[in-house]
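Next up: some structures, all given as structure tokens.
What follows is chain A paired twice: with chain B in the first complex and chain C in the second.
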Partner chain A sequence: MERHGLATYLIGFVLAVVLTAIPFWLVATHALPPQRLLLVIGIAAVLQVLVHLRFFLHLNFTTTPKENLLALVFTALLIFIMVGGSFWIMFDLHQRMMS
Partner chain B sequence: MFGKLTIEALPLYSAIAAGGAAVTVGGALLVAIVLTWLKAWKYLWTDWLTSVDHKRIGVMYIVLALIMLLRGFVDAIMMRAQQATALDAGGYLPPEHFDQIFSSHGTIMIFFMAMPFMTGLINLIMPLQIGTRDVAFPWLNAVSLWLSAAGAGLVMVSLVIGKFSTAGWTGYPPYSGIDYNPGVGVDYWIWAILISGVGSTMSGINFIVTILKRRAPGMTLMRMTPFTWTALCASVLMAFAFPAITVACGLLALDRLFGMHFFTNAHGGNMMNYANLFWIWGHPEVYILILPAFGIFSEVVATFSKKRLFGYESLVYATAAIAILSFTVWLHHFFTMGSSANVNAFFGVTTMVIAVPTGVKVFNWLLTMYRGRIDFHPSMMWSIGFMVTFVIGGMTGVLLAIPPADFLMHNTTFLVAHFHNMIIPGVLFGYLAGYMFWFPKAFGFELNRGWGLASFWCWLIGFYLAFMPLYLLGLKGMPRRMETYNDPTWQPYLMVAAAGAVVVLFGIASMVMQLYVSIRDRRLTADRTGDPFDGRTLEWSTSSPPPPYNFAVIPTVSDREPFLVAKKDGTAYQRPASYTPISIPSNTPAGVVLGIFAFVLGFAIIWHIWWLVAVSAIVMFTTVITRSSDDHAEFTLSAGEVKRIEDERFRELGRRA
Partner chain C sequence: MSVMHLSEHEREELETREQRALGFWLYLMGDAVIFALLFATYAIMIPGTAGGPTGKQLFNLNNAALETALLLVSSLTFGFASLSVQAGNRKAVLGWLGVTFVLGAGFIFLELREFAGLIAQGAGPDRSGFLSAFFTLVGTHGVHVSMGLLWIVILGAQVAVKGLTAPVASRLFRLGLFWHFLDIAWVGIFSIVYLPGLL
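After this line comes the complex of A and B, so read on.
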């Protein structure tokens, strides 16, 4: 097992906190119109996932075994199906309800 | 002090509800008295409840499932009795009570009968089949078990204290929201599911790691048994699908507890997203249940036809294909929610596609039987009954996959008939086949065949009688979940259905008799070799029941059916030159304690007893930390001790020969 210095964890922690604080702050202050707000929250969430993978689970493209990356690709596929499918379904409904 | 809990919560307002409560409390008391009389408490605690052995955990899961099967069936026969007599507001159940019964029946059968049964069978058998000594995380396994039991306990307690949900097993808002359902019923449902759902997610992860990392040397993926393959795919589905229902129920709980608006129309909430999230889990869930049953059928059919499984590779690929496709069809559960034609068409087509790999499997089993020397053991009968009946259910499913047809049939008893047609002959028959097949492995003696066959025939005939009329009623337009109706032409069908439920009751009684007779005659049917059915795979190479370490020497595998090959080569049952010490995880009360306090936690949240929530959360947290930092969680069985157990086994084998 390779060791990971405290520094990595701290950087990860700070990034995670920042990425959490931004959406909360934006929502609390109504700084953006709803549409754009949702977009920013979404981006922050995706970045948050990447931060966790990189700094807490120590995944990268050089030392991580192939099969672990493969599992990650599989996960990404499923998330894409679930989240993408939900968007498709819910926005389709939204359109039919509103217009 | 006690939150919303008052003396009013006791079901003294109705004789039937009070009767249900009395049976529940009486049953629990009876078990306690019998245990005290047998002086079995200590044995139960040290050998079972605190055990982390995958075999014992498996058995406890199955015991839980069988108890809950009884409860779920009582619900079922009560509904059948109500509907048979409910013409023009007849019947004996008030609407409110009838609604609780279909909700608890569905919830129990899916979450607390089928799920524990499946998890139990995988626990019991999969580690033996892949030639390992335990699952990857034995303690986590115990935690999963006790969280499932805690959820089941909450459903049972709702019979005695307060009421259960009336919102069906799906709990759709807005009806399940706080405005329309201010009582505790929906909360019981939510917390039972949330708590057991955590257990299921962890089981899934545990099984995945076990199968991927702990196979015996030489057991490549394509040498795994069909049951292990299906267990792997089902576990992947569990790990990925359960978070969706956890989120859906969690958000619903937030709506109810803290006045949030995820699923209300106010403040931008959207109740349809609940249906979306629920079924993102819900459809994979049906494959979580059915895939392991497919695995069991594959093992049973090969063993009792005395042939290699026909088309193993195609079965494996079909399983994997189903697993992935099962994530692409969930909208077929709400075709009528108002999506546009394109969306409905897409999900209709994917649903029809998923029938193809399932069809492939039917041919695998049929062609395995073809020209086999078939032994009509009860497990084989369950499998044959399954093949015939499941195909009918599959066809009605493809019919429902056509959106315009679904618009007519959805929410009718046609749908109820369809899913029971998949889930009784598919899921339940599969698990019962596994139960009768592997029972000798777990306990060292066989189950009585005669009563097993009686049970099978009663279940099969009862099933047809109980559900074929519902197809017709559905076509005539009878909605599901009806407490009363005023169309006299429906009643004859409902009476036949009730008769069917009575026949199923005989099937269940036969299972109880079978257990009684088999235990009484256990010396006659003792399984001294560990291989009563001329088995093909590694689980049969150990003694019945297997020693705590399963295999004194981890086997090396060079074939898909390693034990059969070893028996042919004459290399089975070989004694190693010497034994080595084996380290085994020690028993721990931590799992039960976590389960008990998870139950208390759920109960306290349901009744808004906030101090108790805090106390139980702290106890749970402390238990996890304490056990996780225990450095002596294992003990070592010395080589001498292993040798003693193995010598005993070889003496038994020798005595037979």
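After this line comes the complex of A and C, so read on.
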């Protein structure tokens, strides 16, 4: 139950605003070709999720209980298997239906 | 404040609080799996418009940006509420919970207005597989936010009536986890639904 200062929330907020503004601005102005823009949106989203976990949910490797981190890693693994598996099956099916 | 200096009673409260935080964290992880699968379903259903409207024709970037801003600022104001809990400032806790509620309610208002607009132009969840997946994903998030609003009202009442007792502070901590988690889910929604839809 360690204390989290005002600075932590403010840093997290500013980083989140920047990581939100970049993809929205790029989409509004169509400043990049779609493929590259998708990549930027994806990278900004992953970074922003990490920012939220670190600065708003206060996850770190010292004070967060090990069980919580273990649960998070296990969930990430489950999501990888289920979402990755769904895409694998559906894209494979899509290709077979086309040919 | 080291654990050594706590009384027996305080130590017990701290342990209970940490156990409940873990239990609630496990629930959130389950919720994350649900959202991940709804995202996967949505992504697969994007081409399934059945000759109906696509995301590009339906989504409004300004509306999505405004919803994002409301939810992000509400995450910050909930952080201020959490800081006020630590400082033991009851009035500030009530004030920040109130601000968070108003921002969350504004988000729900924008979402309902968007849904009503879509349904009015014949782009409801029954129009195509794409729209079914859209309404399921975004609607599930909206239901979560609505439950969060109800929870804010209940805990606000507890703070007002009981004060910042250890159990109330413990519940506020878990509500904070829930509220910040919903903002993470929303990052996924604007990054997978709205922004790619408007490319």
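Assorted remarks:
Everything that follows uses one rule, which is that the second predicted complex is superposed on the first by the 82 of 99 C-alpha atoms of A that agree within 3 Å, B and C clash if a C-alpha of one lies under 4 Å from a C-alpha of the other, contacts with A are read in each partner's own complex, and residues count from 1 in each chain.
Just so we're on the same page, contacts are C-beta pairs under 8 Å (C-beta built on N, C-alpha and C of every residue); 3 or more make two chains touch, one makes a residue touch a chain.
Source: prediction; values computed, not measured.
Between chain B and chain C, C contacts the larger number of chain A residues.
Applying the stated contact rule after C-alpha superposition, one finds that A:Met90 touches each of chain B and chain C.
When the two structures are aligned on the shared chain, A:Ala31 is found in touch with neither chain B nor chain C. Contact with both chain B and chain C is seen for A:Met82 once the two complexes are overlaid on the shared chain. The intersection of chain A residues touching chain B with those touching chain C, taken from the two complexes, comprises 75, 78, 82, 86, 90. Interface residues of chain A, counted against chain B in their complex, comprise 75, 78, 81-82, 85-86, 88-90, 92-93, 95-97. Of all residues in chain B, only 240, 244, 270, 272-273, 276-277, 280, 327-328, 330-331, 337-340, 342-343 touch chain A in the complex they form. Chain contact summary for the complex, chain C toward chain A: residues 14, 17-18, 21-22, 25-26, 29-30, 32-33, 36-37, 39-41, 43-44, 61, 64-65, 68, 72, 75-76, 79-80, 82-83, 86, 177, 180-181, 183-184, 187-188, 190-192, 195-196, 198-199. Only residues 1, 3-6, 9-10, 12-13, 16-17, 20, 23-24, 27-28, 34, 37-38, 41-42, 44-45, 48-49, 52-53, 56-57, 65, 67-68, 71-72, 74-75, 78-79, 82-83, 86-87, 90 of chain A touch chain C when the two sit together in their complex.
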